[in-house]
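The first chain written gets the first letter, and so on, giving A, B and C; residue counts start at 1 in each chain.
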Amino acid sequence: MTLLQVLDLAAVFVFGLTGALAASRAQLDIVGFVFLACLTAVGGGTLRDVVLGRDTVFWVAEPLMIVSATAAAVLVFFTAHRVESRLRTLEWLDAVALAVAVPAGAGLALSMDAPWIIVAIMGVATGTFGGLMRDVVCNEVPLILKKGELYATAALAGVLLALGAAAVGVPSGGALVACGCATFALRAGSMLFGWNLPVYKSRPPRK
Amino acid sequence: MTLLQVLDLAAVFVFGLTGALAASRAQLDIVGFVFLACLTAVGGGTLRDVVLGRDTVFWVAEPLMIVSATAAAVLVFFTAHRVESRLRTLEWLDAVALAVAVPAGAGLALSMDAPWIIVAIMGVATGTFGGLMRDVVCNEVPLILKKGELYATAALAGVLLALGAAAVGVPSGGALVACGCATFALRAGSMLFGWNLPVYKSRPPRK
Amino acid sequence: MTLLQVLDLAAVFVFGLTGALAASRAQLDIVGFVFLACLTAVGGGTLRDVVLGRDTVFWVAEPLMIVSATAAAVLVFFTAHRVESRLRTLEWLDAVALAVAVPAGAGLALSMDAPWIIVAIMGVATGTFGGLMRDVVCNEVPLILKKGELYATAALAGVLLALGAAAVGVPSGGALVACGCATFALRAGSMLFGWNLPVYKSRPPRK
């Protein structure tokens, strides 16, 4: 199993946990948990594979991915009542999943020798779209749209770090690990300490 | 016309009716009816075809599909006022469409010799994504997220029945018919008699 | 650069402006502006390319598209406070983007000798899906669902005009320009003068 497949598998499992927590908040049955877990888990990577024109989408080539998301759903189904705040847990797991899925997306694009701008987009899109679909389907404000928090910014910074590292000769594995660490550190710092980027001129909509 | 194409055509027509009913609730004009009917009608099958990497998406290969969804839109445009409860009608037609689209998705994956787990996902995804897109675009709570109802569960049970039947040698046509009947029976039983799967520990979100 | 590429580039820039205005209403940071601008800018064209099975999605083949959407985001980030009504500005820019993206979608399908019904769908889908994704992600009622306004209708009328013009021998470039002008004229007339298609029997939902 390659590093990219390990990253995909880890992202699938952790995003699966977040999807299942969302299902728990919606009080669905076990199949509903599995459905939302799979949607969240493979959403970003499926988009990446379709846009990059891979012959086979990653979870069709490796059904273990679906097993992993299903296991996450079952785990949450039997334990979600033990978590004090599901929303807070969901947000933290989402941060972990983001930090794994961003290098998974960027790494694949890098391995296909895509231009850096495509690598950046694939990293951000793979990291964010699974969670975005989860939030849209559950009719929650997407985490990526929460004002005053780093989210897309954390993902982009991670990818740019990996691109910089690769440009100065760091091996691909090291660059991807750095990418994940930077993404998580920024996202976690934002959640814990309120780190954010200044808004030029904030102005709420009138309606 | 093969059985799979007949299933696709029927699913397109009935999902088209549900999309048009949603357009009627949003009080759109005739083109809005056609738009929502087509989106709902081909959404699930398009996802299936793109993920499975078919050379041509089914409705691009067979424009009759679009004619069928358009006919459904026109039919509803001129008759929706005669329906007492559009929401209830929409839900029942959605159940019929689900019961036709699930075997359409599973059958295609079976015909491509996909592993059983991919067949299961393709059945559920083809059956559910058109309606999911309709509900998300119309900003309604997706039917698949209504608590205490069988929806994804009905679809999954249908596919598993088909897989079991195929495994013991039932011809593909019979297995798909059994799949559709089981899906509809479970969904209808859930709507009429409140059949559901027990939730492990129900707990509403705090906010 | 071909006419189709110019249309794609223009649509990307103007849709990017609308996505960035939506980000401004959500009070996001600069990366959030770029994210929503890119999503809106390339959403419709990506769907078109994936469904038509092009070898490479247009913005992967030509990263200038992403540069253009990013420039739109930066421009709006520093100027959105000068606009009196961002919502109104967003709607007008959306009308311009629609009028450019519809011929971009129809033109590509025409150049692939697709049947007219596929040309019509590709025109409408390319024109509408970027904005639809923007509105769904931002949890706004999609512009395409606003009752009493021409939107899908304006797009469809533009495509049908182009198809008619092409059928009587007008060169492709002229047919696409006519398509864009007609789409914009109908959409603008609807916004300014309330032009609309009569609804057969309007009836609000009961709930």
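Here is the rule we go by: contacts are C-beta pairs under 8 Å (C-beta built on N, C-alpha and C of every residue); 3 or more make two chains touch, one makes a residue touch a chain.
Small disclaimer: the values here were computed from a predicted structure and weren't measured.
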item	value
Same-site or different-site touching of chain A by its copy chain C, using the half cut	different
Superposition rotation for chain B onto chain C, Cα-based, multiple of 5°	120
Where chain A and chain C are represented by their mean Cα positions, the distance between them in whole Å	28
Sites on chain C at which at least two other chains make contact	50, 136, 139
In the complex with chain A, residue positions of chain C that touch it	24-32, 34-35, 38, 46, 50, 55-57, 60, 63, 66-67, 77-78, 80-81, 85-87, 136-139
Interface residues, chain B side, partner chain A - complex	50-53, 114-115, 117-118, 121, 124, 128, 132, 136, 139, 141-142, 144-145, 147, 150-153, 156, 196-207
